[in-house]
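Letters A, B, C, D, E and F mark the chains in the order given here, with residues in each chain numbered from 1 onward.
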Amino acid sequence: MTLPRTNEHERFERGLRALSEIDGHAGEKVVAQLADIAPDFARYLIEFPFGDIYSRPGLDLRSREIATIAALAALGNAAPQLKVHIEAGLNVGLSRDEIVEILIQMAVYAGFPAALNGLFAAKEVFAARGLSGQERAA
Amino acid sequence: MTLPRTNEHERFERGLRALSEIDGHAGEKVVAQLADIAPDFARYLIEFPFGDIYSRPGLDLRSREIATIAALAALGNAAPQLKVHIEAGLNVGLSRDEIVEILIQMAVYAGFPAALNGLFAAKEVFAARGLSGQERAA
Amino acid sequence: MTLPRTNEHERFERGLRALSEIDGHAGEKVVAQLADIAPDFARYLIEFPFGDIYSRPGLDLRSREIATIAALAALGNAAPQLKVHIEAGLNVGLSRDEIVEILIQMAVYAGFPAALNGLFAAKEVFAARGLSGQERAA
Amino acid sequence: MTLPRTNEHERFERGLRALSEIDGHAGEKVVAQLADIAPDFARYLIEFPFGDIYSRPGLDLRSREIATIAALAALGNAAPQLKVHIEAGLNVGLSRDEIVEILIQMAVYAGFPAALNGLFAAKEVFAARGLSGQERAA
Amino acid sequence: MTLPRTNEHERFERGLRALSEIDGHAGEKVVAQLADIAPDFARYLIEFPFGDIYSRPGLDLRSREIATIAALAALGNAAPQLKVHIEAGLNVGLSRDEIVEILIQMAVYAGFPAALNGLFAAKEVFAARGLSGQERAA
Amino acid sequence: MTLPRTNEHERFERGLRALSEIDGHAGEKVVAQLADIAPDFARYLIEFPFGDIYSRPGLDLRSREIATIAALAALGNAAPQLKVHIEAGLNVGLSRDEIVEILIQMAVYAGFPAALNGLFAAKEVFAARGLSGQERAA
């Protein structure tokens, strides 16, 4: 077991940087929404997923967002977080078309409704960013 | 809507090639197991996931397997298929460590039990392939 | 394994007819909504679920819609598709009361919340079709 | 709201008869397995699903088992109960081929792994009943 | 197996009392919403969960609501019922902070999105009751 | 947001103590099983669920295990972890009967199969601890 190498403060700071890079304003908004209900959970969200997991070497952020988008679309019960991570996918270098491919593929593993609802979530995110739905059609 | 470009026979052949490249013997075994219960479903399995989806341009096979491993680990209710796709991930170029990273990350989106059960599935697959559990420790 | 009998074009046409018969305008609307985000997925939706599966002999459409309504209500994470298939159930000959029975039964297999949310989805669909909620009370 | 028409004893007796008709020995076995851990739960199982729900008019038992098989295959996390209800489906008049059709269809709504695992469960049940896997091939 | 001790009428009355104590007006509202679509299901809802289960000795109502809030937050697909039971938790003696703790803990077992969506549901319920989000901060 | 109060080492040590108190040997076994596949994940498992969450004031360990048993039984896809936490429930003061009550209650929220499979898991754990299935019958 690798011994803990950093103190809590470094972990929190590293998490904040990763959250900002990956989720941008959407991440900050979630943290703000937690302020009056569960501020400690906002801290955990920064420390564990972002300070610990996304900051690990061994898998690039683009690959990490492929995994997250796929998992959230397959589970089908966390629409707000799926939208945050479709946006995060764009932030770390996935193209609209690649995100669409991931969501289409979920029809195989979680059924057509999961894929459809994922695609409609992507449509909303793309529209909000001023992107037309289909890259290759352009 | 892109008009269908190929006939059914081409689609089946293309699916067989993709299935063989991605799933190797595990894919053939599933098809054989379906022979006496639902042979048409074996055909659909070759045609739709492999002939249609995995054969699409726009996302490389390595990225597709990241998505599949993440989704199956997150859903947590399809252990045999998760093992087939951990093996498929190795077949299309994911390293053991990258697969471990994907599974660890699922703790964030589907909980620690989903990640744990995914990691234990990977441990079995790696052992069956004669790979030690941890690359970087070597 | 039954060899593919039809070419892609026949499969697409057969799917369109089945989609129209089963889902009516709701199906066409979904296809239209996909046009600018994932038109190929609209094609798959027509070809695989409708051209391949619902067109199979061996199970009548009424029975197929019982299965679909039950599955979507039990999964509980695809409300728009559940509504489309409650409507489809009416289209292929299920009565309001039969649909209500299917949804009530889901309390046993997926819990009371899944049944409740299914019943409230049915209430919306029935109201939109100008049907009162309860047949036998009439 | 329909007023309760029967006393508890009638409800229990009616449930026992329905359980016996639908699940046969598999139902009795489950009740026996509960005897030393939660006998009251065995009573609820007889009273509510069987005494209340399956005994309702308005949907025939064949249709009810279609719904149950579909829901359990889609959820994918209750293999023992899926097997009991594949057997129950045979008991109330579904053919092997109809059960296979229901399970194939679940690929559309819950993904290919759910359909595959459902089909393999059916294969086990059919084999235990001395039925070959495929009717129409005979 | 404990023999049924009460008649149906007693069971219904006991369920009504438990529903009123636990869910308050939210429970009555659900029963009313079912009146024109599935009044028998309203009766089952009163009889089985409330007349049978919540009325059992052996586990206090506070503990029962911990279990329900945890389960509904983990499943993540029944937001209206989760809100009803967050309110029910307050009704039977859980503090806001205890409910927040249960929801935070679900991050471990069902992932961060499930915990987040549970916390945001709680935030709405607390606000509607005129409670500020955080007790200890007061 | 409460500022991090402890360094990483304290967090790890606190987690180890909580893991030992709650999960006993079962927890140590899981950590050992991770040693050659994902030792860092063993560290996270100690630090986050046990060092951070279970160590929080505001909810006693008995209540925390009620929540965990309920969530894992409702999700129905993590049998090994459910067994570990049924054992943990006994370790922190839940009686066999209370655990049985929690599992029975899950029939309402996740369906009878989830409750049944939870009860059978409990039966195994109780037998391994030399406890007869039913306390009150004694």
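Basically, a residue touches a chain if its C-beta (ideal position, glycine included) is under 8 Å from a C-beta of that chain, and two chains touch if they have at least 3 such contacts.
Just so we're on the same page, UniProt names per chain: A, B, C, D, E, F = Carboxymuconolactone decarboxylase family protein.
Please read these numbers as outputs of a predicted model, since none were measured by experiment.
Both chain B and chain E are touched by A, C, D, F. Per-chain CA centroids place chain B at a distance of 31 Å from chain F. Computed from the mean C-alpha positions, the centre of chain A lies at a distance of 40 Å from the centre of chain D. Shared interface positions of chain A, i.e. residues touching 2 or more other chains, are given as 39-40, 44, 48-49, 56, 72, 74-78, 81, 100, 104, 107-114.
Because contacts link each chain to all the remaining chains, their graph is best described as complete. By the touch rule above, chain E contacts chain B in their complex via residues 74, 107-114. Remark: chain F residues 75-77, 100, 103-104, 107, 111-117, 119-120, 122-123, 126, 132-134, 137 touch chain D in the complex.
Residues 30, 33-34, 36-41, 44-45, 49, 72, 75-78, 80-81 of chain F are the ones that touch chain B when the two sit in their complex. Residues 1-2, 4-9, 11-12, 31, 35, 39-40, 42-44, 47-48, 52, 56 of chain F touch chain A in their complex. Within the complex, the chain D residues that touch chain C are 48-49, 53-54, 56, 58-59, 63-64, 66-75, 78, 81, 97-98, 100-102, 104-110, 136.
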